[in-house]
Amino acid sequence: MSFVSVRDVWQSYGGRPILERVNLSVAEGEFISIVGASGCGKSTFLRLLLAEEQPTRGVISVAGDMPAVEPDRARGVVFQRYSVFPHLSVRDNIIAAESFGTRLGWLWGARLRAARTRADETLGRIGLDHVAGHYPAALSGGMQQRLAIGQALTARPRILLLDEPFGALDPGTRVQMHDFLSDLRAQSPMTIFMVTHDLAEGFKLGDRVLVFDKPRWDPHDPGAYGATITYDFDARHGGIPYHHLREKIHEPTHA
Amino acid sequence: MRLINRKPSRPVALLLAALPFVAVAIAYAIGSEMRLAVNPQDRLLPAPATILDTAIRLFTEAERRSGRILLWHDTGASLFRLLSGVAIAAALSLVLGVLIGLLPYMRRSLSDFVAVLSMVPPLALLPILFIIFGLGEVSKIVLIVIGTAPVMTRDMAQRVIEIPREQIIKAQTLGASSLVIALRVVLPQILPRLISNVRLSLGTAWLFLIAAEAVASELGLGYRIFLVRRFLAMDIILTYVIWITLLAFLLDWMLRALSRRAFRWAEAGL
Amino acid sequence: QEKTDFRIAWSIYVGWMPWGYLSDSGIMDKWAERYGISVEIVQFNDYIESINQYTAGAFDGVSATNMDTLSIPAGSGVDTTALIIGDYSDGNDAVILKGEGTLADLAGKPVNLVELSVSHYLLARGLDTVGLSEMDLASVINTSDADMIAAFSTSDVEAVVTWNPLVSEIVASYPDANIVFDSAQIPGEILDLMVVNTDVLAANPDFGRAMVGAWYEVMALMAAGDEDVLSALAEASGTDLEGYKAQLDATAMFYDPADAVAQALSPDLRVTMTNVAEFLFEKDILGVGAPSADFIGIEYPDGTVTGDPGNIRLRFDAGFMQMAADGEL
Amino acid sequence: MRLINRKPSRPVALLLAALPFVAVAIAYAIGSEMRLAVNPQDRLLPAPATILDTAIRLFTEAERRSGRILLWHDTGASLFRLLSGVAIAAALSLVLGVLIGLLPYMRRSLSDFVAVLSMVPPLALLPILFIIFGLGEVSKIVLIVIGTAPVMTRDMAQRVIEIPREQIIKAQTLGASSLVIALRVVLPQILPRLISNVRLSLGTAWLFLIAAEAVASELGLGYRIFLVRRFLAMDIILTYVIWITLLAFLLDWMLRALSRRAFRWAEAGL
Amino acid sequence: MSFVSVRDVWQSYGGRPILERVNLSVAEGEFISIVGASGCGKSTFLRLLLAEEQPTRGVISVAGDMPAVEPDRARGVVFQRYSVFPHLSVRDNIIAAESFGTRLGWLWGARLRAARTRADETLGRIGLDHVAGHYPAALSGGMQQRLAIGQALTARPRILLLDEPFGALDPGTRVQMHDFLSDLRAQSPMTIFMVTHDLAEGFKLGDRVLVFDKPRWDPHDPGAYGATITYDFDARHGGIPYHHLREKIHEPTHA
């Protein structure tokens, strides 16, 4: 059964097509890596999944629900930067995932105490318990991203969207983050979409690797056509790429 | 060695810092001396000793008629007006800034209006203010509000817009409503900026305060300066000017200290 | 010391408008040339600032009232001579009550006026006549003359003291404005003067001659009812001919230099100036650390002195006006 | 859908932008109507039609005596003073800001002094200015300079200090002297900031201009407002206020456009 | 013969020692990589070499000259960020390396034309000729760092100092930059000091890898002692580390 289904999605800005005829079907628990040239529309696709924007055409649905009109708790997200709240302590950043859903955004009394206990558990799991009282600015880049992921997961989203989450980290930290993410996933299976610039990373972490590219190209007007999913690799077996050509160009298939 | 790499030693640095103050003091003393040599009763540049005497008298001696030390009462009245005005302007700019910065509907309807408002010269509208708010405290405070709030509001709205879009999206994925985003994401992050805006607008606020007190008042620092201008009592005026400068400096320093205390998460950029 | 270039300052007020006309019409230049000097006439919007500038030495003469001359330049030790007595206020300054009542009804009410100005003096004199003093008022609120009309329309204001053209504006605009006391009841006490620096005048009598000569040329034109002159004055003061004439009606202009000389020689002047000095002393603005109301000496044309003869700072000199009266200029 | 995600369509957006202006206009019209119903001679809130008549008269009819259209002459005189004052203040703040920001010796000797100067209320010192600089244009321009330059200087110095140390070091390794660093590294990078400082200080400059023109002047927007304020000629005052607002808006817009044109390398942050 | 000699250098800030007893001797043309824990004083050491600061004790001399008192043309430098001038076009950034040495910082006429020709040559060599007229903000991070290096080299420094020059780049770009730097070095040999967080990078590029560390440690007062060079690896043979212990702790040797 298809958990996330993307059906014939187009997106254009001011008449310029960015994405065209994107079709995708993802099963629950799959880890989808997304790669592609810079500016080809990867983040745009993620924004559509996030419901931050509505596609010009086509339908995206998650878990069979009606298409969402704005971001909600069903969708967790981590960006390359600015994914945590700089004015909240590490612990409060985790608690925020519970308290922000309330009417005024604050928890009191017993609920706050309970949330705090759960937050400390989470912090222990993501290895940030020793800096619970610090502000994010005092954390390294890797710790900040770990916090961001922890925070997103605390809200128990149906799908988790990552837009180059490790793009700003140095290589050593990056490897640690891969392990961290794999461990988390082993503990609690999630449906994840991750955009990355690093092909190796995509294959290492993903069950599938989607390649976005422009199937058509007008040399006189590079912006004339949009990108779509041109390859869909199976990456499950330790990242040894054996791929099947996903769709014939110009002939959209409905997954 | 390049000039930019030459650093004064500590004692030299202290000396240098004192230099311009001393220079101004000496220039003043000479100017005063010269004028007083021509006319010993000259009031434009009273001798430093005279100013000191006057200052001591103003700070300690009560007025004959009322038995009050006027300087303190003037200070109290003026600070009350100044701080009320600035506080109201700050609150207003905070609320409007968040609304304009966060809600597209509000942005459309108010941002142009506030931009135009911030260009209106409020002093020219004083008569209308008087009619609407009377001659008492209210119109003075309102003048300060009108004079400082629009500029502050524009800046606050700008800062709200500059909050990374990522954070607003993230808050939404955590289930935050517009209200929660305003209260828990936007508000705390622009408070430091609010304080630095208040610091910036205090100078303008003093101007409006003095202008308003010159128009109709019976107490206040600006009132006193305009009153004693009637007999060119520069010793009193200069005492008041120095006192206002000192007050302004103290206010600025307190706001800076407050900001540094209250917003430790925002290390720099204030 | 002798010099040939002089600067005088004036500000907009019914009795001083001729100064602007003197400058614009070239009459001043004509007279200055006759004596081989030049006189620059500078207009101020802010009356007090013009006196301050004169006191600080930036000008050789300034248009001022007798009271402000005594408190500011004389009080600051600048020996000043009243060269021309142009007029006295004969209703131009008034205490205006909102609604029905008399002067005595001011008791317990706030009064808006320009503090320490002739308005304040007028109020003090008026309250005297009904046995009240400033203590009996609720308060005296300093109010800028520029905003007096706007102030009068607010509900906070119950009474104002001010001068023309504001008085006639207020009376015309607000039907409930009620004049309860005006300067016509203290004739000759609020004098509008042209005062000059005594030392400058002593060293340059031609300066005095040129000023007085020019002034009375215009006075003659005004006395003759020259419409051109009057409408120029009216326009410069921001009103029309009718309005300006109405203001003149409340002003006892000394068109004839002989009348001005008579005013200077009048023994009433001594009483007035003593009153004024006492008022200023009471308000603490009679000179730096003045020990008593007699602190500053005032000399009159006949050589008599009120106040301290050792500290004469204000002199009434009828000599130049006498020359004009005698046609000797 | 959350309020923050609701965006008005284009026609609605235009309507919203016009709304507050229309609201103010209607409120004014009603207020004016009510006052005029009570007293047809009321001058505080003249009827919109009266204002329009007055405005047309002011913009087109010459004064009888001089044959000049005063409004244009007032505008010319005021703009000259305003722009001279702001230009001098800008130049001063640029030079001082670079010196203070770049040279430790200068920083030590001037930064405290400038900080104190920026707190002095210049209006109170007006009499002294008039004595020193006379009553002509100079003292008005000087008042604007004194009122705006210290704050601008502080900000410029701060911006110079904020230029990444790396660039200054790099320039030195390329053999740049202090002068070259000032001219070729620092100056071009703070020019955009200078323009935004000028934009910020124009409001204050207008204030000082109007205040200075009120004291001694024969021409100028502030002078005219002050003159007619005595007679509560609100039709003239409002025309002038709207005109000043328009001028301020135009100036601001021109500076913003200039900045965008001239400093394409600094994409954002202006 | 020792080209760069560092003799018994100490540096402390406000009484807190950061570096102690640093001794080093570098031959002309050597590529020195510097690694060490964060905050141990690597950048401080580079600042001393740069003559941006004077050591509290000890002497640093380059090519036998008197110790420098401030940065000069003998020292080229590239930092992690802010190493190019954002207000100058790419070409002008290169020309700056010639014009900044003049009295007013501007070149005119024939000299300017000559400098422009040379600048375009340089841009060709560092592969930036196609963006000569752009401003740095329009360049990718890697291109900016290439420009910074090209600019530094145009001034023909005796030594080139690099402080984590590739720290902010993503992995792919990083590898390209390694090749770029190796190529440049092959064309014109230089004496280079490079601080890096990435051990592999240090070994890959450097002839020698210096490790900075605190030889002494007071558990009650972590700031009591400074760092020094604790290891000095020979990295010439393709980065296969065979190392010799450089000095016995507490017994400084004079190189």
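We call the chains A, B, C, D and E, going by the order they appear; numbering starts again at 1 in every chain.
Keep this in mind: a contact is a pair of C-beta atoms (placed from the backbone, for glycine too) under 8 Å apart; a residue touches a chain by one contact, two chains touch by 3 or more.
Computed from a prediction, not measured in an experiment: that's the story for all the values here.
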Shared chain contacts [subunit B and subunit D, defined touch]: A, C, E
Chain pair showing more contacts of the two, A-B and A-D: A-B
Distance from subunit E to subunit C - Cα centre to Cα centre, in angstrom: 80
Intercentroid distance (Cα basis), subunit E paired with subunit D, Å: 47
Mean-CA-position distance for subunit C and subunit B (Å): 38
Contacts with two or more other chains, residues of subunit C listed in rising order: 49, 52, 56, 146-147, 150, 153
Overlap residues in subunit E, where contacts from two or more other chains coincide: 70
Subunit D residues counted as touching two or more neighbouring chains: 2, 44, 127, 131, 172, 177, 229, 232
Touching pairs - complete list by chain label: A-B, A-D, A-E, B-C, B-D, B-E, C-D, D-E
In the complex with subunit A, residue positions of subunit D that touch it: 1-2, 5
Contact set on subunit A toward subunit D in their complex: 69-70
Subunit A-touching residues of subunit B, taken from the complex the two chains share: 164, 166-167, 169-177, 179-180, 183-185, 188-189, 263-267
Subunit A - residues contacting subunit B, complex: 50, 52, 70-73, 75-77, 79, 81-88, 96-97, 99-106, 135-137, 148, 151-152, 155, 157
Residue ranges of subunit C touching subunit B (in the complex, touch as defined): 48-49, 52, 55-56, 68, 71-72, 75-78, 112, 115-117, 139-144, 146-147, 150-151, 153-157, 284-285, 287-288
